[in-house]
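Chain lettering (A, B and C) follows the sequence in which the chains are written, and residue indices restart at 1 in each chain.
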């Protein structure tokens, strides 16, 4: 465990190991998302109530999963950075924030599109969508805070603290929004609130979720690598690398 | 009395630039250590690290030969730090300002001691004037009164001579020497040239590394 | 500054200081100092209250003076306006101390910073949250808030605004080193305020409909307990970051 943590301290080591890992995750993402898309859109049966419009679930749900997971991983990498001062963790957290915000936006947008056939409107204060909207604000807060500091060290620490505060609050926000929603229950049903999905429907969904996660890992690896090069650009090994490429 | 603040291969990187690295320090009782260097060479940062305010440095700090992590509380109870800003509230009178510091330091609240300290820094008659109505030099003197009010062995002073008139400078300099002679220890940055004396030692920062000379 | 020889010889023996136990003294002195400071600049205490009244005045003008309509939205309006008023005063919570250097000194005491920061937050609540809670029923009358919910309005605001002060202080601590932290502070803090808003406004609504007031207030209390136990640590960590510049 300690040996691993000590290795993580070296951006150079991470740069080398991620070079070997990232093709696998990109390949997995491509295959899983490809399979899931074709299966979900072409072969899965249509919903008896919503018809074909339910197929948005294959984007909406994985994006919503990822949006929450990314925030948690951002808080975790922030914690690792604060405790062990591992710079890689902070670089990963840096690249995760816009990615998480983008995923939250995808989840919101797909939810809004889904709302048109289901509720006949682009926006409904549905519990899930409301939580997602608040999550988007949390992401924007982390990104804005990081951008506001002139010193990168302070920016990283501040963003880490905010991400940790946020992650403690996310379940509280989620439960209170659910409570609020049940109190003001409008006459519609939640879009993904129903259990008992037949196997042919949820198996492609599972594949899509796995595909989205692979995509996330692959993208974080790739973007962290460029973040390493950016931050370590004055280091010896990066210069050597640049000379090799030239 | 033993009193020892050590730093081993201290290094501080601020946004990809080394302010200083491989800095070894050994500060003992009876010394006045003046940190020198051009603007931006990291004097204030070094003082903040040595006073335990900054955590993002490399290397080890020791207080009384114990790692700082273990001895932080004992270190802080022996430290008196005066920063760039005097830490004086404009809306409070000098007496009220000092009362807060007295309480923070864990001393008994004694108005007598506060009046005495204010008198010694030349603020007799200004005890009850809101600090905002005092001049910059007088506000600095309110801060300096803490040196008398809450005696601590280790003084870390960042530009303490700022805004002080000539008599005040001489008296403060004398006070630093007296503190060192009594077995205290002073760490100071200043643009003001200190009169050479046996207790004075210099540390020079700048140019990425630090070279120490006596 | 006359360095009298007597003052030096008086304390010839330079005793090593052992960590002192005067935490209660330090916390009390910080409370007292902040209270005195705020009471000397009374406008800082009054401004959020005036803001609260002003925002509440805007709604009937912007929406409709119809009492039935106003009564329906009054709980939410009062809570949102009070929340914004409390937010308004947060930016100055640590800023003055940061600017004049006393924040550094607060960080360098051997006492736990979290508790000293808690004292400052307590003063903020005492002079912002509590007055807002006491003033809210008066504004409730102006919004035709149904009878029977006035006490709950005040209690829920008093309880909830304590959580708001604690959570908001994290944001204030994170942004105190930034020259223009005000808008950013709102951006960071408002999403975290949502649970308090839900249960606070919910309590008033429950009082109007006559059910479940205690459940709402209990949850507000639970949120406050959680904020009390965790927020001071986050505030302390944030202050240490901000002092780095």
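In the analysis below, a residue touches a chain if its C-beta (ideal position, glycine included) is under 8 Å from a C-beta of that chain, and two chains touch if they have at least 3 such contacts.
Bear in mind that the values here come from a model prediction, so they are computed numbers and not experimental data.
Asks: For which pair of chains is the number of C-beta contacts greatest?
Replies: B-C
Asks: In terms of CA centres, which chain lies closest to the overall middle?
Replies: Nearest to the common C-alpha centre lies chain C.
Asks: Measure off the straight-line distance from the CA centroid of chain A to the CA centroid of chain B, and report it in whole Å.
Replies: Result: the chain centres lie 47 Å from each other.
Asks: Let me have the rounded angstrom distance from the C-alpha centre of chain B over to the C-alpha centre of chain C, please.
Replies: 33
Asks: So which bits of chain C are touching at least two other chains?
Replies: 244
Asks: Where in chain A do residues touch two or more of the other chains?
Replies: Those would be 151, 153.
Asks: Could you check chain B for residues that touch two or more other chains and list them?
Replies: 56
Asks: Which bits of chain C are touching chain B when the two form their complex?
Replies: Residue list for chain C touching chain B: 1-4, 7-8, 11-12, 14, 16-22, 25-26, 28-30, 33, 36-37, 40-41, 96, 99-102, 104-111, 240, 243-244.
Asks: Along chain C, where are the residues that touch chain A in the complex?
Replies: 170, 174-175, 177-178, 181, 184, 187-188, 190-192, 194-195, 198-199, 202, 223, 226, 230, 234, 237-238, 241-242, 244-245
Asks: Enumerate the contact residues on chain A facing chain B in the complex.
Replies: Residues in contact with chain B: 85, 151-153, 231, 234.
Asks: Help me check something: in the complex, which residues belonging to chain B touch chain A?
Replies: Touching chain A from chain B are residues 14-16, 56.
Asks: Contact residues on chain B for chain C in the complex?
Replies: 1, 3, 51-56, 73-74, 76-79, 81, 83-92, 96, 99-107, 109, 120-122, 141, 144, 148, 151-153, 167-168, 171-172, 174-175, 178, 182-184
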